[in-house]
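The letters A, B, C and D name the chains in turn, as written, and every chain counts its residues from 1.
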Amino acid sequence: MLEKFLNTRSHSLEICKNLVPEDYVLQPIQDVSPAKWHLAHTTWFFENFILKPNLPGYKEFHPRYAYLFNSYYESEGERTLRHQRGDLSRPTVNEVKAYRQHVDEAMKKLIPNANAEVLSLLQLGLQHEQQHQELLITDLKYSLALNPLDISVLNINEQSNSGVKHGFAKIDAGIYTIGHQAEGFCFDNELGVHQVYLHDFEIEKSLVDNADWLAFIADGGYENPLHWHSEGWTWVKENNIEAPLYWSKAQDGSMQVYTLNGNEALNEQSPVTHISFYEAAAYADWAGHRLPTEFEWEIASEKFSWAKRWEWTNSAYLPYPGYSKAEGALGEYNGKFMVNQMVLRGASIATAKDHSRKTYRNFFHPHLRWQFTGLRVCKR
Amino acid sequence: MLEKFLNTRSHSLEICKNLVPEDYVLQPIQDVSPAKWHLAHTTWFFENFILKPNLPGYKEFHPRYAYLFNSYYESEGERTLRHQRGDLSRPTVNEVKAYRQHVDEAMKKLIPNANAEVLSLLQLGLQHEQQHQELLITDLKYSLALNPLDISVLNINEQSNSGVKHGFAKIDAGIYTIGHQAEGFCFDNELGVHQVYLHDFEIEKSLVDNADWLAFIADGGYENPLHWHSEGWTWVKENNIEAPLYWSKAQDGSMQVYTLNGNEALNEQSPVTHISFYEAAAYADWAGHRLPTEFEWEIASEKFSWAKRWEWTNSAYLPYPGYSKAEGALGEYNGKFMVNQMVLRGASIATAKDHSRKTYRNFFHPHLRWQFTGLRVCKR
Amino acid sequence: MLEKFLNTRSHSLEICKNLVPEDYVLQPIQDVSPAKWHLAHTTWFFENFILKPNLPGYKEFHPRYAYLFNSYYESEGERTLRHQRGDLSRPTVNEVKAYRQHVDEAMKKLIPNANAEVLSLLQLGLQHEQQHQELLITDLKYSLALNPLDISVLNINEQSNSGVKHGFAKIDAGIYTIGHQAEGFCFDNELGVHQVYLHDFEIEKSLVDNADWLAFIADGGYENPLHWHSEGWTWVKENNIEAPLYWSKAQDGSMQVYTLNGNEALNEQSPVTHISFYEAAAYADWAGHRLPTEFEWEIASEKFSWAKRWEWTNSAYLPYPGYSKAEGALGEYNGKFMVNQMVLRGASIATAKDHSRKTYRNFFHPHLRWQFTGLRVCKR
Amino acid sequence: MLEKFLNTRSHSLEICKNLVPEDYVLQPIQDVSPAKWHLAHTTWFFENFILKPNLPGYKEFHPRYAYLFNSYYESEGERTLRHQRGDLSRPTVNEVKAYRQHVDEAMKKLIPNANAEVLSLLQLGLQHEQQHQELLITDLKYSLALNPLDISVLNINEQSNSGVKHGFAKIDAGIYTIGHQAEGFCFDNELGVHQVYLHDFEIEKSLVDNADWLAFIADGGYENPLHWHSEGWTWVKENNIEAPLYWSKAQDGSMQVYTLNGNEALNEQSPVTHISFYEAAAYADWAGHRLPTEFEWEIASEKFSWAKRWEWTNSAYLPYPGYSKAEGALGEYNGKFMVNQMVLRGASIATAKDHSRKTYRNFFHPHLRWQFTGLRVCKR
């Protein structure tokens, strides 16, 4: 467990290894947090929920860091407003690294003698840090994409696919069990294991790819309101949406996409990504299909390979029957976000290793595009 | 059928009988439309979808009314922006009444010889007008409530209840059939009759009443973020929400509520109303309960009386399995709104007679309060 | 004086004689008030500042009207928010007319025996009502212009000119006296008669006309940022400004303008109107000229005819040396608006008869266009 | 001249000597630019307006820097939106320093052989850099003040005064000459030397100090709308303004102010600073005085000492008679800002040495407070 802790912690720094200090401060929109903030917030999670209550004699690194690095825990008191995280140059990157080291040293003392409750919190803290590792990547991408200097800081292969379409998988109607039943960690929103009745359905084994998306564009997909939700259409018009996020025309007129390696030519066989739920739903309508529900996805997921893109489903993010919030501050982890968001299933090329499972429920507002989102369709 | 048509049409005017011409123009917020607009829009619906295609020689009342009174049908062309409906003093109330008469005369010619398709559109047109009759009432209430002169224009008894609590009804787990199976009209969003598996649950036979709500307030319900969705809490803070819409303190310090009869003393036994989904969910959390899903509500609805308040459920407004949009413009009736809204079940004291059934799916955004909304709870 | 009072009061109603009740309620933007509000607010002015303090036994018409019809007098207490004036259908037009009659009857009793102080307030009340008569016209124009039904309610000839250009008038340098010195009424902002030194200048005797403006448009005047103030350019871009307010293309491609008589063909010889200060200044720069200051205008005004258009000057609205606010509530009449607005001199075709003089200082924010604004230029 | 160039250039870096790289990126509000941007933009000014047209063979440092570091020159092409300057982590601080060195080396070659036109541009470039040195200081202060860690990076003594009040100076009425007549540099907005007639007036020899301001607060100055411009009062209410910017209550209840040395106790004898024009005008009204015009200030300035605070005047920023914009891009330097801003005269403790004169016209919007603003009053 100690080794897993140390590996996870060092991986967060590894992601940032090519950054200069100036990169760590950027927060171009409220949804995107500075890299420095991610590194400190995940550390505060261990300090606040594990070290303070469980390591006798633990000395807080700095009295104001709880204020600076609490994200949204109302029960933990006042905090920096979310949109002001990027207004803080201090603590510096080096000070945040010292904070990480201070907390890691204390955790090294605590872990070998940890009881079950602490181990369970430790598990949650590591999963939490892995979630922020993905956000580190997507937030950096968003922030650096705004810079006209075509910056490359991470060597992740975003585009790639066989280009082969594998057809549809058929699933029979019946009562199925949903939710996390296996050994091992899961988040509270996967609990409330329960039965659902599914009608029979057919789901595509392959993700929608860039060639499909180019066809959608060429056929006027972004110009025909009848394929869109009413709110989706308003979003298209108000934001002049004409293509997925990060697509642009190169000087020679060809389509290019911004990646963490800088701009690259569009790969038509690669699964489309950086699309909103609105776009996913409009595409499905245009194609004469529909999006799967999260339950259909979970049950069918053994029939296809997944993990390249977070896949939009047509399920709203709601509690499972029997779901109950945890006691105390950690009860704020998931439940309070269960309105106005849509569920994504799967995982993406930016997801931390060992941080995916078929019952995992990711969720975002329907207009958001900065995650590595994609889609697969079902027959109507 | 002709009689039903004439009755429905005259009922819309009946609702407005105490209005002065100035009242018909008000649109204080985008969600609320002027009375004049409701009267004209429902008329345009018959003219545009029934008379023009089906009554040979029908002469359009006015060439610009389609522009003025189309609500949201993209396939029917350009139209007045929603928030500008209240900027139009012309056509006058009398001109709108003449428009209604012109269309009614033509319908009287058409109906006796109508074929099945026309009768089906007529049915939809009447249901549509009934929906707007409820909106007429709730929109007038919202508009007149802003006037400090304490205006009374409609004699509807909003507050009333036995005050007796009837306990919880128990429903067994099993596979249930959801959706409209009976004879008679339903909207397309009730179709896609399908099976769902429900776990056993217990649902309260009575609505939450004003006495319950006063207890919630007294216990700091509006001040404790832990009962609220994160977005609900932001809504509370930004709008200084402290009580249901239309509640205020009278000069003697007692609580009063604005009704269409003017201000009245709060009746503690009356079911609470004019609450948002956020408030309903926070109340349920505070009470140690939860909201029902729309499926639980539909199956349990034979165990209790309903129809006083539209009841918030914890179900997002999404298509049923097998749902498909109608062909043409009427395909825009429901489907394009299936994102970011929550389902309400039941009916309210403002719902038109013969316009309710247990499969009816109403839907609004979670922050909206100007409908006669309420709630009942389930055991967790 | 009584006769003048009665004439002025009845003229306000005369302006509205072609209106239907629905027209009286419109408030499409905050700057524009409903006709009903103008009729009531001017009445409240007499009731509040004259009758209540000076007519023994005067009985207030309605206890809530002070709340409803106070415009901006902080010292007179709480009031309807400016942008909500259009949300009030009651009191009705007829009730407002009854309010006018009630106040007029009381004034008829007071005026014959009024002392000098009351007569001075009466004078101010009448001038105030005349100001609102102009606003009645411009506000109605703005409100009705939004209606696609091409409504005509007022027979005012807006467009007309000889088309002859009269060249420039030359004024010599020297010390001049500015401000109201004559007998008769003036507003406090015209006081503080004082000396200014003017350098010699040349001012055009004719207003800029529509033909001039068409040349400005044809030469790309709205597309070249170098002619514009920085904030003016932002205003052009954000609002897609391409022509004066109320200009549009008719179906045959010719330019038409909306007037209170409905749409009319553009008259090239008519002085341009409904332009913002930003547009006036950009035009002057494009033409190689400049706008006059308000002092230059006042001194030169005997050399040309004026009163067709309010003429933008390049003077900001600031107090004259020695200006002091009146005691009490009426001290709020002018002084508190002396920031961020530009002075207009002259009068317009909508200005009440006997309500113009060369020292009159009108003022609006630089982006506003709904008054009958225009310009004349000076040589650089 | 070369020496002056090198001194000015190195002084900009000197101001930043205690910064960490993270500090250089901050842009908490649109008005405030990142330190890195100031260092690069002033460099671009030399490169773009001097080196490129005048140094044969000069090689541009980077092809995209013109896009990144042009501030507002429409004639110089597209550029980063103002509010996105803080979204750019690259070029890094070190790269910007290399840019500065590259340009300085080229300037060293050019200056010894520069002709009069180039020397005049050089003069402008240095004055421009000195303006940005003051902004560097005030922008850093604003950015760092938001950080709860009480950061100190600059050793500037902001608070200090004798505490002695020197009474009023009397100036006689007459014709005076305004504008820059001396040898040496001035900005174009100081030109158009011209005559003005001033009535006699009395102006206080001392600035309003913190003790005065505390009396204003204690007397309810921020709560009485009658002292305020209407827009000022709206600004107070919407922003909950209760004191100058940077004032706060220390834990012991005493008043403290944030300075570039961190928080300090309020010095009552120090001239008040970080106030808006609205506050300055409200204070003057409360005190029974008024603000001077910029002309009064310029003529009286030999009667008192100044340079601690930029002093709000009651003059709007407008062109002098005979003012004309320069040819080409530099014509955008001043003229296009001459609307909606108020003139400040004097200089502040953050103004570069040798960068002040009695004819200098500074200007800001009336609500802005982040400069070292203050006031002195005139008798009414």
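Assume a residue touches a chain if its C-beta (ideal position, glycine included) is under 8 Å from a C-beta of that chain, and two chains touch if they have at least 3 such contacts.
Remember, it's a predicted structure, so these values are computed and weren't measured experimentally.
Q: With a step meaning a move to a chain it touches, how many steps does the shortest path from chain B to chain C take?
A: Counted as steps through touching chains, the separation is 1.
Q: Greatest Cα-centroid separation from chain C: which chain?
A: Between chain C and the rest, the longest centre separation is with A.
Q: Find the geometric centre of each of chain A and chain C from their Cα atoms only, then give the gap between the two centres in Å, rounded to an integer.
A: 57
Q: Can you compute the centre-to-centre distance for chain C and chain D, using the mean CA position of each chain? Integer Å is fine.
A: So the centroids are 36 Å from each other.
Q: Roughly how far is chain A from chain D, going centre to centre by Cα mean, in whole Å?
A: Their C-alpha centroids are separated by 44 Å.
Q: So which stretches of chain C touch two or more other chains?
A: none
Q: Could you tell me which shape the graph of touching chains takes: line, ring, star, complete or other?
A: Graph shape, chains as nodes and touching pairs as edges: a ring.
Q: Which chains touch, pair by pair?
A: Here the touching pairs of chains are A-B, A-D, B-C, C-D.
Q: For a test of understanding, state which residues of chain D touch chain C in their complex under the given definition.
A: Within the complex, chain D touches chain C at residues 72, 74-75, 175, 194-197, 199, 201, 225-226, 228-233, 277-278, 281, 290, 314-316, 318-319, 321-322, 324, 331-332, 336-340, 342, 366, 380.
Q: Note which residues of chain A are touching chain D in the complex, please.
A: So the residues of chain A in touch with chain D come to 20-26, 28, 36, 64, 67-68, 80, 84, 86-93, 143-144, 146-149, 151.
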